[in-house]
Amino acid sequence: MTADTYSLVKPALELRNLSAWYGESRALYDVSLDVKPGGVVSLLGRNGAGKTTIVKSIMGLMNRREGSVRFENRETIGLSPRKIALLGIGLVPEERGIFGTLTVQENLMLPPVVRDGGMTLERIFDLFPNVRARLTAAGNALSGGEQQMLAIARILRTGARAILLDEPTEGLAPVIVQQIRKTIESMKEMGFTILLVEQNFDFAARVSDAFVVIENGRVVDRLEGPLGSAEIESVRRFLSV
Amino acid sequence: MTYPAGRIHAVLFVILCGLVLLLPFVVYKILLMKIMCFAIFAMAFNLLLGFGGLMSFGHAAFFGLGSYMAAHGAKELGFSAIESVVFAMVLSGLLGLIFGWIALKRQGIYFAMISLALAQLVFYAIWRADFAGGENGIQAVPRGMFLGMVDLSNDWNIYVLFTLIFLGCTLLVYRIVHSPFGQIVKGIRDNEARAISIGYDTARFKLILFVLSATLSGLGGGLKAIVLQFATLTDVHWVTSGEVVLMVLVGGIGTLAGPIVGAAIMVVVHDYLAWLGPWVMVVQGSIFILTVLLFRQGIIGTIGRKLGISL
Amino acid sequence: MSFQLLAGQLVLGLINGSFYALLSLGLAIIFGILNIANFAHGAQYMFGAMLAWGLLEYAGIGYWYALPLVFLGAGLLGLLTEAIFIRRMYHVDPLYGILLTFGITLMMQGVFRNYYGVSGLPYSVPASLSGSWNLGVMYLPIYRVWVIVAAVVICFLTWYTIEKTRIGANLRAATENPTLAEAFGLNVPLLKAAAYAGGVGLAGLAGAFAAPVYSVNPMMGSEIVIVAFAVVVIGGMGSIKGAIIAGFSMGALEGLAKVFWPEFSAMVIYIVMVAVILYRPGVDIFGRKV
């Protein structure tokens, strides 16, 4: 059990002084943050603050990034997006990233299995019954909510232990948002390490253990959950300004 | 150190004049004239690609039509050399008007593809046309007389005439590029939406440029038919459309001197390495590949960039 | 005009159409997945025919063994070409891809012309497919029927592979959004190389089919490649199904044109191509966006 105890202390995902650029213009400035194994950390911030850029930088999708991104103690700076994915980081991208020319089943089976212990199709279908119902439909025929379920489902299959969820509730009806919250809660119970980008602070506050506030590509605040009402009020005010 | 562009181009033009004066004493005049014909063709193509940003993959249609029309005019219609070449230019220009009107409705790769398709139509039309002599082309085209006095079958006489036309063409291209029209065309190339919003009828400017380019291509083809005294299917084949791209690319897309240098290199490779037989194609292909892979700005473009000036 | 003439030209047209379809199929795959207009496709087709001829001439390997060997040989050529040249074109203007593959064409044609000249090399129809069927109205050479059937089967298999299999799904994903596909752990560079090799393999295979019907010579691909481009455009750039159907139908149309408008039959395809670009750009023949 000592190894496990150790890994509980060590963060699963560890960003140190991460900087990134879009072409010539700098988008991130020395971002540092940790996500503990099995923890859920939310990135908060206004539109254009750099939350999605952090997610892209972790996946190696920026053409230039510097600093350190360690996953389970392995440095990933210098690795290609593909190698990073194969280490076991799963991406649920912004706008869901469903391939419209592929069927639902093809989308589901697309990402290669990176580790043992991924969910079986049976379990996925139990979790997301609508995915099973629409297996033969084309990806671009799904509703936004169905696409979001599919985007999460296809990562659960791969055995990835860390999941980057970029705006999973954006543009979805409240009843679907409910369902996604339940999904994230059960993923948390299953021990997934989750980095969540969320505009909807109330949503984030319910599922997260810790919060990192981003502004102009920098970390401006860190909060540990559960939040007191004064903290909630101050974050809410910051986000709405 | 910066030089005024006008002075650099004046110096280049003087160098060019010196070359056309001196080279005929060292090199075959026929070869030099052939270079001039292809240089005019390449300059015409570069007007469209380099300054207009329009990649046509069918320019052999205009060069080839010019070649065939000049050959037909001189051989069958009793035209003098100059009349034949003017005849060729007018018809190529008219064809350019029609093709430009059609092709310019599309952009990018579709523009390239549509110009290729239209050029294929010209190829098959000429291949099948009775006057054009099928696979043999039109042979033994007479050079005739200039103004009824100067016998052009003398290589020196025709060389002087061609040189004057060629130098005139380079000045014309320089004028076009530096005229208000040329500025607008470059503006359209760099940002068409902006040019439209300022109020320019960009479609008309592009069409005028296309017709100019087609007419000058016809001039190149017509002169070629007169000096070499034949027109063949090669002139109108799609491979010739590819070769003119190669000339401009090797010299430097969007430079003034590049097309001339590129044409000279490709004609010299073709003629001086003729003893290599089919390996000439391998050499040409390698030049193509190396240019695309290693220096996409071409010879003149690369030199100009090193020196920080536009050549 | 007699029925014989019409039927005869239609069959001839369908044979040409089989080659158009096989070549356009490869071009469409390469264009769709790599965004490269592969002008070297005609030279790669020629390579396939020369390879089939060479296998027989130098190694005594006959037609039936040559077919798979040519597919593999041309595929290998495609892998090498992609690794050395094509992959350097992924991040530059597509114009340079056209120029580069044009250069490759000149090199390949030059090399083969040097060793084999321009006159045709003989390659006879395999014994098992020689002879013809008497249909009453016309004699139908068995080899030609075989070419049409084989082309239909190969086109179907290729379509099936791309539309219905796992590897096809990976290819389509890499086409639609290469960045995202890579972020899911797909090996996009490998998929592109495989697509190029597959397309070249198909071109080579078409060349092997062509060896007994057309003249085997170094320039044999230089006209048909332009037709194949026209067919790809007509079918909707990058559409697999569109390329197949446009290939067969343009062949048939050309055959009919030979009956009604013999002098200008070669122009028909280009007229259709111009019309398609003008009136239906960016749409495949089923009216779907590509």
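Order of writing sets the chain letters: A, B and C. Residues in each chain are counted from 1.
Assume a residue touches a chain if its C-beta (ideal position, glycine included) is under 8 Å from a C-beta of that chain, and two chains touch if they have at least 3 such contacts.
Note that the structure is a prediction, hence the values are computed from the model and not measured.
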Inset, instruction - Would you kindly count the fewest steps from chain A to chain B, each step being a jump to a chain that touches the current one? - result: 2
Inset, instruction - Considering only mean CA positions as chain centres, point out the chain farthest from chain C. - result: A
Legend entry - Selected pair, greater C-beta contact count between A-C and B-C: B-C
Inset, instruction - State which chain is most central when centres are taken as means of Cα atoms. - result: C
Legend entry - Mean-CA-position distance for chain B and chain A (Å): 57
Legend entry - Whole-Å separation of chain centres (CA-atom averages), chain B against chain C: 32
Inset, instruction - Determine the centre-to-centre distance between chain A and chain C, using the mean Cα coordinates as centres, and give it in whole Å. - result: 44
Inset, instruction - In the complex, go through chain C and note every residue touching chain A. - result: 166, 169-170, 172-173, 175-177, 179-188
Legend entry - chain A to chain C touching residues, read off their complex: 59-61, 80-82, 84-86, 91, 93, 97, 99-102, 106, 109-112, 114, 154, 158
Legend entry - Residues of chain C touching chain B in the complex: 37, 85, 88-89, 92, 94-96, 98-100, 102-111, 113-114, 218, 222, 226, 229-230, 233, 237, 263-264, 266-267, 270-271, 273-274, 277-278, 281
Legend entry - Residue ranges of chain B touching chain C (in the complex, touch as defined): 55, 57, 102, 105-106, 108-110, 112-114, 116-118, 120-121, 124-125, 128, 238-239, 242, 245-246, 249, 277-289, 291-293, 296
